[in-house]
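Before anything else, here's the structure in question.
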Amino acid sequence: MRKVYSLQIQYPEQTREFNSRLTKTGRRSLSHSISQSSTDSNSSGDSDAENLEDEVSPRDRLQINFKGNKDFCVKNIKLADYGRQEIELAEDEMTALMALRKSAQGEKPLAGAKIVGCTHVTAQTAVLLETLMVLGAQCRWAACNIYSTQDEVAAALAEQDFPVFAWKGESEDDFWSCIDHCVNVEGWEPNMILDDGGDMTHWIYKKYPHLFKKVKGIVEESITGIHRLHHLSKAGKLCVPAINVNDSVTKQKFDNLYCCRESILDSLKRTADVMFGGKQVAICGYGEVGKGCSAALKAMGSVVYVTEIDPICALQACMDGLRLAKLGDVVSQVDIVITCTGNKNVVLREHMDLMKNGCVVCNMGRSNTEIDVTSLRTPELAWQHVRAQVDHIIWPDGKRVVLLAEGRVLNLSSSTVPIYVLSITATTQALALIELFNAPEGRYKQDVYLLPKKLDEYVASLHLQTFDAHLTELTDDQAKYMGLNKYGPFKPSFYRY
Amino acid sequence: MRKVYSLQIQYPEQTREFNSRLTKTGRRSLSHSISQSSTDSNSSGDSDAENLEDEVSPRDRLQINFKGNKDFCVKNIKLADYGRQEIELAEDEMTALMALRKSAQGEKPLAGAKIVGCTHVTAQTAVLLETLMVLGAQCRWAACNIYSTQDEVAAALAEQDFPVFAWKGESEDDFWSCIDHCVNVEGWEPNMILDDGGDMTHWIYKKYPHLFKKVKGIVEESITGIHRLHHLSKAGKLCVPAINVNDSVTKQKFDNLYCCRESILDSLKRTADVMFGGKQVAICGYGEVGKGCSAALKAMGSVVYVTEIDPICALQACMDGLRLAKLGDVVSQVDIVITCTGNKNVVLREHMDLMKNGCVVCNMGRSNTEIDVTSLRTPELAWQHVRAQVDHIIWPDGKRVVLLAEGRVLNLSSSTVPIYVLSITATTQALALIELFNAPEGRYKQDVYLLPKKLDEYVASLHLQTFDAHLTELTDDQAKYMGLNKYGPFKPSFYRY
Amino acid sequence: MRKVYSLQIQYPEQTREFNSRLTKTGRRSLSHSISQSSTDSNSSGDSDAENLEDEVSPRDRLQINFKGNKDFCVKNIKLADYGRQEIELAEDEMTALMALRKSAQGEKPLAGAKIVGCTHVTAQTAVLLETLMVLGAQCRWAACNIYSTQDEVAAALAEQDFPVFAWKGESEDDFWSCIDHCVNVEGWEPNMILDDGGDMTHWIYKKYPHLFKKVKGIVEESITGIHRLHHLSKAGKLCVPAINVNDSVTKQKFDNLYCCRESILDSLKRTADVMFGGKQVAICGYGEVGKGCSAALKAMGSVVYVTEIDPICALQACMDGLRLAKLGDVVSQVDIVITCTGNKNVVLREHMDLMKNGCVVCNMGRSNTEIDVTSLRTPELAWQHVRAQVDHIIWPDGKRVVLLAEGRVLNLSSSTVPIYVLSITATTQALALIELFNAPEGRYKQDVYLLPKKLDEYVASLHLQTFDAHLTELTDDQAKYMGLNKYGPFKPSFYRY
Amino acid sequence: MRKVYSLQIQYPEQTREFNSRLTKTGRRSLSHSISQSSTDSNSSGDSDAENLEDEVSPRDRLQINFKGNKDFCVKNIKLADYGRQEIELAEDEMTALMALRKSAQGEKPLAGAKIVGCTHVTAQTAVLLETLMVLGAQCRWAACNIYSTQDEVAAALAEQDFPVFAWKGESEDDFWSCIDHCVNVEGWEPNMILDDGGDMTHWIYKKYPHLFKKVKGIVEESITGIHRLHHLSKAGKLCVPAINVNDSVTKQKFDNLYCCRESILDSLKRTADVMFGGKQVAICGYGEVGKGCSAALKAMGSVVYVTEIDPICALQACMDGLRLAKLGDVVSQVDIVITCTGNKNVVLREHMDLMKNGCVVCNMGRSNTEIDVTSLRTPELAWQHVRAQVDHIIWPDGKRVVLLAEGRVLNLSSSTVPIYVLSITATTQALALIELFNAPEGRYKQDVYLLPKKLDEYVASLHLQTFDAHLTELTDDQAKYMGLNKYGPFKPSFYRY
């Protein structure tokens, strides 16, 4: 999810669409809502809804909002009040996006934009969607994941005449039908796409090629979606400029370095309940995620060993006071092994055979390939499910290895994504849409772009306010001396931060 | 010296050459030798030399080495033994460069290379020069700085028939004469340039344009030299590919982040002799240098405030637990102010008027522009020179502000550059020469290039050995999964480390 | 719970016994079991037991173990197998206590000891109890808390003929009856007491004064119990030596500094779900708990302010790089306020009136006095219960203050106590019992003692093994030079660690 | 010097007096002045004095100050102006002591005190001496070290009619003569002693036993002096109460933990000029000094191994994330070895035989016993003196071990003591004198006492002001709840901070 170099991963066309919906279940950007408000709220708010109307699919029920509008499809429009409350709480916390909404609402930079979107439908994304509307856009929306929709939030959006087609527990057929409802409207043609996974983009590309050609720009959030865009681009079939918002500096640092610095501790405590002080830990990979995990565990009094393939990252580990080793050389002495490589087969059965009793193994990297869990499903090893996310694998001699989340990404399931991170993502998406929609002819060609540095800087500046942080402004004289525009961008493209 | 964006600085052509020699006096890459072995050694080793032969300029004396060769010009060939000892000590410490020498000496990748060089002439560069020879190159060398030559090292090189033209205390005329001696040789035409400051390059460009056209490549070390190359390039006059070794990842991280993390403490202790614990410190600028200084002082128990103009760096400061403020808002409460911006007029008289008694002010950035020292040279303020590098500026009410190094870059004068950093520089230079000399037609055009990432990684891997650090190697299967070559490069060009 | 100076707290006799049982509900030493194994296991293991036998009190049911013994009173003897499994898992983790068991089982240092105990009855204490038996003691046991007993563990003990009288959900009458069952036995008189809260001690003191006089020693775990012993001692009524195991160095450091360093992060994440990076935090009190909390939050990128009344601790905060302030001066700018003082009325309504929207307030100190929660129960403030342990207090202007655990000690309810800490406690208790039981006449008078330093050191050495840590041993010559016994104690009593 | 347990060291009576003067040359409390102002000033200020009057001993020259007084003996009274300037600079920096002077000058708590003192005579102690006078005392003073006197400061004191008998470069005979001049005065009998090393105390005890009996109290600074007092006490010959100011909390933490955290880095840079990042370091001993050194090096990116004999300190090292090992097991892999044990023969020849090329060895502990330097003085090893404080020991195979300060305490010679630490010492001494002089009959018996905690707290509070730190005050209600006096002391005697 976070490795830049994975842009080059082989990703066979035919399996992609099928997988994307399934694997997206665990995508990080939704986990905040799932583990917090959504579950809580559903269990209370949904209760009668579920009882009364669960048997009938939302597709087969006609619902009308208070204003008489019926251009939406949600679980239960009656949940709108409760959803509105959730959205208002989220507005409170997403101060940067709200500041953007406020500052640009006069200008209406998205007037004329007709955006079709396919993202998680949660309180946080609702704040984004309503911001897009305030800035002048018309929108139609579907969920990018069949499980992640907060039904009360969808209802609240629908109540405000926002055409949303999403509910928790869609079937595969529902999923594509909802997407199609966004695009296939008489007298309305989308000119912008906001996508998270590439399903909306590909649906239009395949089913409505005449519409695809008219689109002004695509903003894509996920690594999977970016792969698919690069694929199209290489095949010469991308006729639209796209912005990859995933690799913006601000998002990357927060999603990976800063967020993992906190979530590794949180995830390990909630699952394995270990004490960190004095523990020996092997961290495989010293990219942003590995750096975050190492910093946190070192600070908590663990002794950290790092494995790396890249000598530059390896040298950074050394200068940060960590021992660089091969996994095989330290695996028999460590108490915890954490993978953060984005690669596959990093922790093998031969490593786990060497682990000491009680050693904890988990994955903070990408997907579920890093630990060879398959090798543990053999007759001589017993599996004991101890708690949610925790299995003991028991060797014939009684040795137990503690496997977390069955080798899937740990902090997706065992921690929450801070609102702050979600806010950075949403603000970045909004700015990318504005940029693509308003860019003068010729600024963007039919290719996949990174977020312009100036916008990256703007996202950061909006989020500084939370910290009561005060930026310094260049004087004219200083700007001239540095050869910079006074208002940025402040760094060359290759600057490493 | 270290700001990437300073590539765009206005640098009027006519003042450049004059300044470059003067300001280079304080260049960092020489300070290790100056403050350590060189001074010590000169005071002992030079003693009779100075007495006997100081009056006569080396240019006017004929010296012959043991083998009867006289194609060199040094202070005193008799110092050779002592210099050889220094070189051998340096070889001991520059294990990465020696490893490169050893691994490539069979292959002789520089066979046919005729390199003219202009760098500091110290024990560490001698190890580089002799490495170039072992790898097959013919070389002729001058000093890039009129003060930095270690005379005994130059003698030792000359004794080995290495044509070196350099001594400590050259006049301006000597300086250009030495450079000319490198180029202007009958029957020998240079085809590579290794430069530190651009003087050799410009001498050939101006005086020997026919030779300049035949050069295969230029390796330039300094920011000043890189400016000059960009200037040529923009003017369409750069007919040779050049590699900017200054901005390689490895060099940048060591020169700035890791080196400053240590040298800020060292420099402050040696000059102001402050206790760090409990002190409040304002650090202006949160680039690599500011990050290094902040990390060190925070670790020593100081309370650190950061000022920044770039919101992304500012957000990093926040996430690192530092308060982001404007200088004016905290200057009256802090005990130490450190500039690391590369900009000018960052600390103004109005700030210093607000400082409390005993506040220490210093510059870890670039050149001497960051603190407005000129504003302190007014009649109402008294200057008291307390120690080397330490002045007390006394306000009419008795308040003292402690100014270090008169506002010039502090760690140039008050700390030493670790051998490790010099070793990274030298190894990078050697690899850049090999790359340019052996690159197939068409790989490099007439432009200024960054060091190819694969070589950057190679430099790092050579230096890992010192730390007893063990890299992991990708399996074929993993490399395929990641879409990577097994031996690197491992990251896309925009990776931020 | 952890403040040494609270030894001097006024604690009116008449309210003590009543309170002690109620407040002990939240005592830390049980929270590991409660939040982890116990709850999980009960929900599975207890299920039929609860259905079948929940209506009848264990006191009114006759149960017989497999060996035909009925000298016990537990919820359901059939849970024994499940409990044994829990105990075995705990044995695996409490390596230090098991090492003690193994090394002393030959010697049987507790042969002849008749111990009555009143502690939590959990898997971890079961390992202690069975260790005492292996070392030769006879024991009878009750629970010190009406809610904390793991019924399956009690069953497993009973199955092994260990006379235990404890179940989850005792009434107050049950509670005293169980205690009485331990003491009031024909033909058996206790000579040692292991207590946690002082209830067993006081029961014997009041009800069986003739037995009290024959007791050889008391080991008391809790601060409350130690207060009560000091009370007796001052009144001249303590006719038995007692050891205060709470204030041993090893226990204190682990219970407070090291444990809180981890549990503050864990507790805040699980409840308030805040991101720590960039947050401003006020920590009231810089004792061991405050030091642990500060270190953790500083490491996670928070800006920490400390309040203190003691200038020495205050100076430590300064030297650790924290700003020392009065709460009133920073409360309007911070994002989180944490109390760690052991005092009362530290955070007042006037402070909370100044807090900004979203400020989180919590207590890591002792009892529930630190935050003036009562002042928040007024008509103009609305309380919104958001999640377990989380209430939003809403001011008339809409400002929300996030109150955690209603002001009670946060990590009691929202985190777990690492096994490692429980192991240190149990090992310390065992050693204190051995020491008191075997001490030569006259070593201990009728007073309350700290654990002898040599035993403190021994506990530490037993726990070092987990970390694969290797101690150095003094040579005879070195021991002589230092004036030390080769095997300790190594420090004078006033050494501060 | 700093180990508490060294109280029990065997210290044969007959060698003590002879040694004390010699070894005290390197005592830390003087090194600030030596390495900074003193050397600088002497080289300038002393120049003509030395030329003119160096041949004649001050004892043989009659000098008269401006007021006509001649009751003093200094090198050159003419240096008084220069010395006054130095004292004034010191006053500026010793704000806590000056605050004490100011607050107590009205009360004159030392009125009637007749103090004889024997300490270093530097600008900082001059601020103390003049404070004692302002507080009402009469004083007579000698130097405790034959090399450490700042002659210009002594002159400045003499010029103000302060009877001082001290100069730089005293002979042994001079030394005792000066001490005798303080005591042996007609019509004046001392009633208080301020001592640093015990020489004044023993001189009076032996030569003027009748005076000794009349003394009200002794304040002793050094560990050596405290040994001697304990010796007297054990022998039943101490007829005077004494306060050991060395072991006060504030002084200990600053002298050892906080000061060494900074001086280890400073000392290593100035001597061995190593880069810390990535280095492996063995630190022998994890007391306050070892804790300070470890914290600093870990923060700078070193990998730290700790050796310990005390399991409690060992466990602390583990929880701080350091690997605990035996020296023999890691010595062949580390780059730096630092001793901090206070013991002898910690680093043996057998360890040094195993070290790798370039390994740095140094001592931050006590005296020169920790590294077995004698074992290196054998024919097969060559010594090469590289720089001040740096020797290379060369093994037959060419391996070099870098020995710093010939194994003597490193930061005594290669770093400076911050003024802040000197200020804490001086303030503590003044308060101890006031306490002993004013204590009601019976508070102190004929024994050696630690500084009362309340005074320790007062010293801390005076020093907080430098940090703009704001203490919180207990309310009456809170004080009552805690059972504390509102103004301290705040902790029981065994509190560990």
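Just so it is clear, A, B, C and D label the chains in written order, and each chain counts residues from 1 on its own.
Definition applied: a residue touches a chain if its C-beta (ideal position, glycine included) is under 8 Å from a C-beta of that chain, and two chains touch if they have at least 3 such contacts.
Please read these numbers as outputs of a predicted model, since none were measured by experiment.
Chemist: As a test of understanding: of all chains, whose mean C-alpha position lies farthest from that of subunit D?
Modeler: For subunit D, the chain whose C-alpha mean is farthest off is A.
Chemist: Between A-B and A-D, flag the pair that has more C-beta pairs in contact.
Modeler: Output for the comparison: A-B.
Chemist: Let me have the rounded angstrom distance from the C-alpha centre of subunit A over to the C-alpha centre of subunit B, please.
Modeler: Here the centre of subunit B sits 42 Å away from the centre of subunit A.
Chemist: Any idea how many Å lie between the Cα centroids of subunit A and subunit D?
Modeler: Taking the average C-alpha coordinate of subunit A and of subunit D, the gap between them is 58 Å.
Chemist: For subunit C, give me the residues that contact two or more of the other chains.
Modeler: 258, 277-278, 300-301, 315, 318-319, 323, 467, 469
Chemist: State the interface residues of subunit D toward subunit A in the complex, per the touch definition above.
Modeler: For subunit D paired with subunit A, touching residues are 277-278, 298, 300-303, 315, 318-323.
Chemist: Spell out the part of subunit D that touches subunit B in their complex, as residue ranges.
Modeler: Listed in rising order, the residues of subunit D that touch subunit B are 36, 40, 92-93, 258-259, 261-262, 265-266, 269-270, 273-280, 295-296, 299-301, 333, 357-358, 387, 400, 415-416, 418-421, 466-469.
Chemist: Inside the complex, what are the residues of subunit A that reach subunit B?
Modeler: Per the stated touch rule, the residues are 4-10, 247, 249-250, 252-253, 258, 307-319, 323-327, 329, 342-345, 369, 450, 456-458, 460-461, 463-464, 467, 469-475, 477-478, 480-484, 488, 490-497.
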